[in-house]
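Let me give you the structure first, and then I'll get to my questions.
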Amino acid sequence: MSFDISLILDSLPKMLSGIGLTFQLLILSGVLGLFLAFVLLLMRLTEKWYFSFPAQIFIYVFRGTPILVQIFIIYYGLPQFEAIRESIFWPILREPFGCAIVALTLNTGAYVSEILRGAVLAVDRGLLEAGSALGLSRNQRFIYITSPLAIRLGIPPYSNDVISLLKSTALASTITVFDMMGIARTIVAETYAPYEIFISLAIIYMIFTFFIQKGFGYFENFMSRHVKK
Amino acid sequence: MEAITGWWDDYFFATIVVLKIFMASLLLMVIFGLIGAAAKLSNSIIAKKIANAYTIIFRGTPEILVVLLIYFGSAIALTALFQVFDPSIKYVDVPPFWAGTFAIALIVGSYATETFRGAFLGVEPGSIEAARALGLSNIQTFIYIRIPEMWRIALPSFGNHMLSLVKDTALISIIGLNELLFVAEQATATTGKPFTMFIIVGLIYLGISTVITLFVMGLEAYGRSHLRAVK
Amino acid sequence: MTQPLIQMQNVDKFFGSFQALKNINLEVHKGERIVVCGPSGSGKSTMIRCINRLEKHNNGKIFIAGRELTDSEKDIDAVRREVGMVFQSFNLFPHMTVLRNLMLAPQLVRKNNKSKAKETAMKYLERVKIPDQANKYPSQLSGGQQQRVAIARALCMSPEILLFDEPTSALDPEMINEVLEVMEDLANEGMTMICVTHEMGFARSVADRVIFMDLGEIVEEASPQEFFENPKNERTKLFLSQILSH
């Protein structure tokens, strides 16, 4: 069994040309997902059941089912309905890329909102009591005390979710998106050389993961420079 | 709804397949996790490096890539291996069930090594010292003091690993295993109702996740039962 | 006799089935310095936390400056503006500088503008003798300094009463005095205060009244001299013998 180096060198540029799509999937879903997560968090934290309950259901469903199933439902499933095909969203939902973004956004939104909720709960109660004792209202305590501290607490688990998101972008290849994974699979189908191609691709993903972790590490240290004892 | 009626038994058997994968990969995941944790906790530098590499590789690689790599890769490796003995063999097929099970066990196992390692280190050193002082042997300390505390510490994360495992089973449909997504795809072809077919898959997975979550919650409550405050 | 600043009438507090406060009756007048002592679990902290509604009392009534403390948000907010609290674990906001810690509530609650808030903040920082730490973060300060900042923070709201919940219990011994000195200065300037503490020296020199609590009840209430020299209740005597012997 030989290891075909020339094949690797030949395929790398092709796979790397998919970086654009991989990053678009990552950044777009990441940012949109973060917004969604904040909205879900606020819905979850209110005492009004008609906000809190739907948010809980949403989070429960998206965390309890495989992403691949979510992607398939959106890409293959939604076109079943005429209402969807005639809606303003159709241009997005018709495209594999659009469906992938929608699915990844909804999924990461659910996970990140739970991360944020955990961070909010982890803020030292004593600080909130001090805020109460000083006369700060509930909203004021949330804005000035809870949020800044929760964000700092949430950075490590959030960085893990970003890495998960990166890995999930590879699933877009199953609905014909030609990101790095999609390109790799076509090369493997043509050349029957899964080892060379897939291992190289794995290394590429690992390198990205490394940089993401490092980046968040620096960011966390910067944010916590006064808060850590 | 009539569309579904022909497919109930297919969905049922596919669910059984998913559960079988879950059980098999769960066992493997625990084994990989324990070995990895032991390696990280050992004194051997080589073992630690290998275990760390294991974690880094599987944390940084997309799950679907791992599944594809192991499925195609093992077929090639085994074919090459068998050809050494019998050159007339053209192709050895690795059943997708086992390739997939092995793959997802490896993936989640890499996270489990951290969980088990953390659980081991999380045991109160004071309890261990007290056990030693009382004269318990190493094995007795391990069985009666370490393990009870360890599983309680590891339980929440372990529950998440089990959920990851369940959800990762869906990836195995990509390599052709006759499980839920695969059945849904076939059903779509004949019924023309993809949404319905895939929603059913989603609901089944949601059901399995719920059962696992409830099970873990029950275990957590059992694990805390000795802590009920005495008034 | 002017109306008491604080009145607690027949107050009970339950945590589930556990009764933390039993029929508490207490009156505090303006300018009085009260020290509350007792074994742990006696309900001392719970009692003062009921005064600013950090805990909710189940039975009885509490009046602050004539205003009854109820579930109404307006009542609670009004009370908290007039009642300041200093916590055992300081609870300074770690992500804000000392100055910002002091300025936050006056700006948000009393709606002071920035320069006025800063002026007030610096005034009280000087009062607690650490004006040079204004731009530092809490993590850069010692325990004693942090607690003094916490006192200044409470003072910036110009409260009528200050509640102290074991303010020196979390401090290393060498830092206890700097905080007690600040508290004594405040007492001498006429600040009404209720102080839950184990520092009996402070009680003797500063308090107008010492209250002993045990098992959720006020067992004995007397002037420091009476309290330490002539305790009447058996439980008080027991407590004093335990706490003063070493």
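Here the chain labels run A, B and C in written order, and each chain numbers its own residues starting at 1.
What we mean here is this: a contact is a pair of C-beta atoms (placed from the backbone, for glycine too) under 8 Å apart; a residue touches a chain by one contact, two chains touch by 3 or more.
Please read all numbers here as calculations on a predicted model, not as lab measurements.
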Chain closest to the middle [Cα centroid of all protein chains]: A
Inter-chain pair with the most contacting C-beta pairs: A-B
Distance between the centres, which are taken as Cα means, of chain B and chain A, whole angstrom: 22
Mean-CA-position distance for chain C and chain A (Å): 47
Mean-CA-position distance for chain C and chain B (Å): 54
Set of chain C residues in contact with two or more other chains: none
For the chain A and chain C complex, residues of the former touching the latter: 124, 126-127, 129-137, 140, 144-145, 148-149, 152, 226-229
Of chain C, residues touching chain A in the complex: 52-54, 77, 80-81, 83-85, 87, 89, 91-95, 104-105, 108-109, 137, 139-140, 150, 153-154, 157
Residue numbers on chain A that touch chain B, as the complex places them: 1, 60-61, 63-70, 72-73, 76-81, 163, 166-171, 173-174, 181, 184-185, 188, 194-195, 198-199, 201-202, 205-206, 208-210
Residue numbers on chain B that touch chain A, as the complex places them: 56-57, 59-66, 68-69, 72-73, 76-77, 80, 163, 166-171, 173-174, 181, 184, 188, 192-199, 201-202, 205-206, 209-210, 213
